[in-house]
Every structure is written in C-alpha cells, then in structure tokens.
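Following: one structure in structure tokens, then a few remarks.
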C-alpha cells in the first residue's frame, strides 16, 4: 500500500525529492524567467502608475509566499505534533528562513513601490505593519530553533510556538486593522475576482507566482535534505559516543 | 502495592540508553540500581517518576505513588526550614511535618533560613521532604551526596522505617546504606544496543 | 495551589526585587520619555496613554525570565511536576503570582505616572481600567514565553524576542482604550476585545505552556 506517510522516512524522502529536484529547479527557473521578463518588458505601463507598477510581479508573489510559508510551517508543525515524523519538523525548520526572506522582499519591494505612489517609504498601514509583525514571528521562531541543542526538544517547542504564534499573528492582523485603516489597496489578485486586474497583467503574474512557489519548493527540498544529513551526522556521532 | 516494571525502554537526548529493564519490588523492599556513570540510572529514575516518557514498556504503579528526590533538593534559600517543609506538605495534602522533622533531626534548625544551612543540612531537609509527601514509592537519585557518616546512618534508618511501614524505595547510590531488605540490580545488562527503531533518531541511521 | 501562590508571593517579597524592580523600571522609562521628546505638556499628554502602556509592558517583561528559571535551577520545578498539582494549575498560579507582584503594582502606580505625563484628567479611569484588564494577559502570555525558554542559559533576550510579538494585540487594544478615554471617546469595543484576549489567554495558554514545560523537563 502506497501511503503518503511512506515519505516520512528520511531516506525515502531524500531519495524521492532528490530525484525530483532538478525538474522542480529548472521549472522554477523557467517560470521565474518567463514570468518576470514577460511582466517587466511585455506588458503595457499602467495609465496612472507608469512602469513602477511592474514591481508588482515580485511584490505580490513574495507577499503571498510570506504568508503561505507560515501556513506550511503550521501544517508541518501539526504533523510533527500528531504523527512525530522528523522530516515534517525539519521541513518546518527549513522553510522558516525562506519565509523570513520572502517577508523581507515583500517589505522592501513594497517600500520601493510605495515611495513614488504614496510619497513615503513606510507607513504604519495595517498590511505593512502586519508583515513587519510576521517578520518578527519568523525571527522568534528561528531564534528558538537555534537556541536549543536537543533536536526533538527544539522541534516540539517550535511546533507549539508556531501554533500559538499563528493564533496571535491572526489576532494581530485584526488588531492592526482596528488600530489604523490604511492606504494599501485591497488584494488585487484572487482566483475568483480576477477582473480586478486585466488579463494582460494577470497571466504573467500567474507564471511568476508559479515560479516563486516552485523556487520555494526547490529551496525547501535542498534545505530539508541538508537538515536530514546534519541530523544524521549528529545521530551517528551520538551513537559513536555511546559505543 | 507491588511495583512491577516490565520491559521498560528509556532514552536520553533522543537515543535509547536502557532497553527491556524488568524488575519487581514488593512493599518493604528496596532496590539499589548499580552501574557505571552514564549507564542511565538518572534517566531510568526520572522515567519512573514520570518526568520523561518511556519509549516502551509498562510500570504497574501510577506516578501519583512516586516521590522523587534528585541531586538538587528544590530548597528555597529565602524560606525557613519550616516554611519549606510546610509548603510541600500543603502541596501533597499531608497533615503534619513533625515525623519528618524528628527523623532527620531538623528541630533545632526549623526557623533558620534554608540559605544558612550547610550542604549536608540542606540535603537532610531535601530528604525530609520525602516523608512529607506521604507517598509509597521513594525514588532516590544519589541521596547520600554531601551527607556525613552520622547523617548517612540516620538516612538508612529513615529508609528502614519507610520500608517497615510498607513503603518501597528505588535508589541509585554507591554507598552501602546497610539496608536489611535490599535487592540490587546491575544495569549493565540492559544497556541498549542501537538497532533500527522507527520513531527515534535511529530513523536517521 | 494556594500554598504555591503564598510561597511565590513570599519569595517575591523576601527576594526584595519582586515589587520594586518592575515599578522602578516603569518610573525610569516614564522619566526618560520627556528627555527624548521634549517637555511640551500638550505633546506629552497626547502620547501619554501609549507611552504608559508600552512602559508597563516592558516592566512586565523584566521579571518574566525568573518565573520558572529559579524553580528549574534549584530542582523544585521537577518536584512540583511530580506533585499532585496539575501542571496547568501550577502555571496559572505562577502567572497570577507574577501579575500580583508586577502587574498589579503597575496598575496602582499608573495614575501617579500618568500625572508626570500630563494625561488629561478624564483619561485616568480608562487608563487604569485598561491596565487592570490587560496586564493579566501580559503575565499569562509571558508565562508561555518563560516556559519555552526555561532550559536555555541566558534565555532572557530570546524570551523578549518571542514574547513581544505576542504582546501586539494586547498592546493595541489596551492603548486604544486608554487613548479613547483620554480623548473622551467611547471605548467599549476595544475594552471588550481586550477583556476577550485576557480571558482567552487565561483559559487556553496555560495548556500550551504546560505542554512546553513538559517537553523542557524531559
């Protein structure tokens, strides 16, 4: 019986993912290349925002990833808590720095875009503020992983932190909305409301989002496998010491 | 009230250290664990006390019957001896601390802050807590550290008294306490040899 | 449980730093603010609700790392865990003790410090009320952070990094109540949200903290 939990075995996971990695990697490069080139050079300028609007092809996918990676960490943390699969915990650990970088990219491109549009690099707008808070959550999560020596203890503690943090992140999101109604436009991309953005902008954006997702998957595979190997080395050394 | 341990596996830091430990201790008996440093005596005792989960195996008595005493005594230095003991008696819901005070000859020290006690006196206070818990199974990890000859003898008598009252004791110690009804268990025989076991670090080997 | 609460309070009093430290820190922050932003009373009065809330929050943070670490080091945490008390109860009691020694004095002292900050006269009630309802949440959330970092040597900095983001919703609603009070606006809805956070944290977080503490004692 083939079951998805077979891949919870570290060796099986490594073997499968490393076979798939080149395909995912090249697909990511292709999608990113096509999406960004198409978006940057072959779409018309916005009639109000001019060519600054094109930073959208980095800003929106990275912002989506920043949130989705946290959700992915939440899911893998839950899997670790419920089913105790090491790969799951290590995948969460591997994803965190990527999520933090995506959050930074979203914040940075947002600032670059906001400067000509709103006349300011930074405003304490709910969305911007929420992303800054999300970034702090990523930092705390990574710091906790780094601070604890025992791997299983660290996995347990960070999983629970991720759970509690998710609740508080959501709470912060609403609290921040309450605190300040902002400048930021509403979500401009969603599957059911694509009339928000004209098709010419929509297709390259989709390709570029697919590219970001694939890039994340490729990076997470590489990083998870590195974690598995490091863990394996530590387990071997521990056994050596025990004799 | 017999304590039966069946095929207990315990782990430290993610690696199994002892495997298939089985023994039984009857009321009135003490069990002395023996083995070199690092064999896993403390890990086994902590597992029995319910402080860490066992990998597998069964223990016949609930954690509510165990009283645990470790290397450190859990003494608050700013509280007096009496306050320390009274606190634990409230927590464990026992009525009196007098037998414990008497057994460990603490009567003269009762109103002294615990911070002013010598190491040996602190140790006596820490062990007196065991009597205050009113629990049947004493789990003792190196209880005689920093006790002098007289105190060791005193402690031996306290354990004898506990056993005579139908209690049990499991100790890890290198010193002979002169217990009359003591079994001994050599842990070297149970040392875990690494083998593939799915749910632990061995998954990575 | 009551014995544990009594012991923790007694320890806090005997150790000296218990009540005084948080309060002095609160005072120092409040004194520093005018040096930073200037002595103009109108400005100080306007920022007073927020500044008082941030200062109270930082003062709460100060003594968090001792909540479990002291008991962990001298072994009494092990003994408490093996005692008949449920671990969730132990954590709640610890958080309550922390609130009684840190949060409550801050609430009581807040009007005096508000005076230093030129808070408008009608803002006092809302400020004290918001602190009274909000600071328990700070202690309970802090207990979670303290439980996470209990095994880590010098975990104080990490504790702040973990706990401060979790404080954001409480701070927002608490400061909002105080600000609306100072501006004579109705503040029922943020007050209810603040109370909601406090009660939810008090009801749910001790379970997470207990799970975390069990992992750390393993």
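Going in written order, the chains are labelled A, B and C, and every chain counts its residues from 1.
Keep this in mind: a residue touches a chain if its C-beta (ideal position, glycine included) is under 8 Å from a C-beta of that chain, and two chains touch if they have at least 3 such contacts.
In this text, all values refer to a predicted model and were calculated from it rather than measured experimentally.
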Partner chains that subunit B and subunit C have in common: A
Which of A-B and A-C has more C-beta contact pairs: A-C
Taking each chain's C-alpha mean as its centre, the one farthest from subunit B: A
Identifier of the chain whose CA centre is least distant from the whole-structure CA centre: C
Centre-to-centre distance between subunit C and subunit B (centres being mean Cα positions), rounded to whole Å: 37
Whole-Å gap between the CA centroids of subunit A and subunit C: 32
Subunit A and subunit B, separation of their C-alpha mean positions in angstrom: 48
Shared interface positions of subunit B, touching two or more other chains: none
Per-residue overlap in subunit C, given as positions that touch at least 2 other chains: 218
Interface residues, subunit B side, partner subunit C - complex: 49-53, 63-64, 66-68, 70-79, 83, 86-88, 90-93, 129, 133
Complex contact set, residues of subunit A against subunit C: 133, 136-137, 139-140, 143-144, 147-148, 153, 156-157, 160-161, 163-165, 168-169, 171-172, 174-176, 178-179
Touching residues (chain side subunit A, partner subunit B) in the complex: 9-10, 84, 86, 150-152, 228, 231-232, 235-236, 238-239, 242
Of subunit C, residues touching subunit A in the complex: 144, 148-149, 151-152, 155, 158, 161-162, 164-166, 168-169, 172-173, 176, 190, 193, 197, 205, 208, 211-212, 215-216, 218
Contact footprint of subunit A on subunit B as seen in their complex: 13-15, 17, 194, 199, 201-205
